[in-house]
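Labels run A, B, C and D following the written order; every chain starts at residue 1.
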């Protein structure tokens, strides 16, 4: 068993416990203790789940990018497992952020969907991640799979800011950004649960990343060992 | 495996407590009554009433925060006397939530605050959509890891990398 | 100097371990013949040594250079002659040779190229699109490209297939020339008879494991 | 200088092959014609609607034909294992990348320049005054498409389901190119002052520079082991 995996096994519990604690406190503060917003009323409580999800999906993509560069540099299969895990998690967090965003959009903007700059760039991000995950299923050689996936992740990461700026310019050209949250300063009553939830989500992501990396590593290990056993079987039969 | 289910059990208990607290908070502080309920029960404490401002009944100085109108429910209407901060959302034929007290002697509702209509369905929906899939995802992932460890340990495959010597006779 | 040296090369595709800790050494001026049934991993080993794939574990050196870390230096010295002949269908024979040489950074006199094309007996078809070539002619053209490139290390994958008698003779000459220049040759083949004529050593690859066989056994045993 | 020489040989090889076979350009051209036809059937276009939609239609047609060309760009290398030959060769992979980008750029621009007059005729466009700026837009956007597309063509050609994966991976990434090209073309066709859509040309230029550099570097990993 890999040394890193053994270390993950030992310490991952702390991240899980920290995430659970922060999230429970954050949920209590967000759902019960905090006051409703002056403009949006009670609906503002959706922010405490939506914004941390969105932050975390970007964090996950950043981890994916860093891991991809690291993989291309060192070619460590465990780093590739981490990238694969981060991509899957980023896809989950991005789609949840989109769904909660849609639910927030209905009562505030009276529409489920709008081609707002952020929504559009998050959709593009989700499409890139789905492409990445699909790509990984279409390659047989694990080494090549890891290499190509890393290339796609890096290109996608470089592309994201450009996509965001282009969509933003495009929207401002067509209609004033009436739906922007910017400029509305968030009071500290609202900010504290938000920070709590953001920290909790980041910890949860770290915990999930550790678990998923382990899962992919163990699956590969089992495959490799089974294959080796299979090979031994063939070998003894051929020799007898 | 037992430890794994135990951890999740504790988490589920914590989440359930949170749900109960949220529900009670909603029932106590944020639940609204209809004008019919107010008329039938004549409550004495401060309450929240939800209804529609009837057309042609709104009068008073809105800039100074004084107004009177009829709040319509399904069947009955409730005469309302509003005194408080200048309201932004007060228009005829608009659904409102009023916070105040029912004065039985004058049979009017003395409102001191006005709130936006809340739609708890959206808030609950967002939290369910956001958290439940995440929890399920994590649960099945964690269970898979436990199962994989068990499989590796139970099978004869479990041996350190260096021990796996391939005999190439 | 050692032309090819592989240390504990393993290659795994998911469940399947194709090569298991193969140790291989081919000296300069030496030809090593590799036998084995289909699917034994011969092509995979050759592709790894040709820097087309990375070994899952293990390392290899070509002329004392690490095959993974110093890929570009290694690539300039070796050449793989494989099933696909590395020819562009819409270019003619002459242009194909020119392009291949250009990518290797070589520029040879026209006379020299012409001489080699004549030697493999396709000088008359030099202006013909490769699309109209037969399989044997393509193989000969690939052989001509290899001759012009003059690699120090030659990797051959089934070199005798699709070639006619005269073609095999030219190939044998080329192998012997390479050996005489002090190059190393590794070939994977099923043609034990021909291999015995040029090879100094031989090995059988079976289910990914390599074991050496004495040369005289090639006449009597069937290893494929 | 071997680097430049490799670029030249790569372009030369692709161009000679194309001149001999005419497979890529003709298939791109007829595909684009069909796209135009389908569009003119699906939208009943009067003069006013044409003004609004034409820039989008032009670029949808160009991007889809571009993907056809890009897909072929490396799948022709699969014949006789030529891709392996490129991978094994000691020449700089970056030079090969630039050569391929230029070859693809030439193919796509050729098709676009043949197609554009057809758009002008079919949809009654008035372009004489802005023709130079339109050509600049075509060049910049096509270069961006080619820079990213060449990398992904080389990548998808080595995997299963390559025909599906190329558009799936490429289209989300070229969203900025699409937006910028459509907006700039719209501005030029409407006869707006150049300053009105200059920022889109800048965006295209930035995209091209960033992705040529990143893809140049990444191509090494796509073609190497």
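The definition used in the following text is that a contact is a pair of C-beta atoms (placed from the backbone, for glycine too) under 8 Å apart; a residue touches a chain by one contact, two chains touch by 3 or more.
Since we're looking at a predicted model, the values are computed, not measured.
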{"item": "Selected interface, A-C versus A-D, where C-beta contact pairs are more numerous", "value": "A-D"}
{"item": "Core chain by centroid distance, with centroids computed from Cα atoms only", "value": "A"}
{"item": "Approximate Å spacing (C-alpha centroids) for the pair subunit B, subunit D", "value": "51"}
{"item": "Centroid distance [mean C-alpha coordinates] between subunit D and subunit A, Å", "value": "32"}
{"item": "Separation of subunit A from subunit C, taking each centre as the mean of its C-alpha atoms, in whole Å", "value": "47"}
{"item": "Separation of subunit B from subunit C, taking each centre as the mean of its C-alpha atoms, in whole Å", "value": "72"}
{"item": "Subunit D, residues touching no fewer than two other chains", "value": "225"}
{"item": "Touching two or more other chains - residue numbers and ranges from subunit B", "value": "166, 168-169"}
{"item": "Per-residue multi-chain contacts in subunit A, two or more chains", "value": "140, 143, 226, 228, 231, 235"}
{"item": "Subunit D residues touching subunit A - in the complex, by the definition given at the top", "value": "148, 151, 155, 158-161, 165, 168-169, 171-173, 175-176, 179-180, 183, 199-200, 203, 206-207, 210-211, 214-215, 218, 221-222, 225"}
{"item": "Subunit C to subunit D touching residues, read off their complex", "value": "50-54, 71-73, 75-76, 80, 82-91, 95, 99-100, 102-105, 129, 138"}
{"item": "Complex interface listing, subunit A residues touching subunit C", "value": "75, 140-143, 223-224, 226-228, 230-231, 234-235, 238"}
{"item": "Subunit A residues within the subunit D interface of the complex", "value": "72, 124, 127-128, 130-131, 134-135, 138-140, 143-144, 147-148, 150-152, 154-156, 158-159, 162-163, 165-167, 169-170, 173"}
{"item": "Sites on subunit B touched by subunit A in the complex", "value": "7, 11, 14-15, 18, 21-22, 25, 30, 115-120, 122-123, 125-127, 129-131, 133-134, 137-138, 141-142, 144-145, 148-149, 151-152, 157, 160-161, 164, 166-169"}
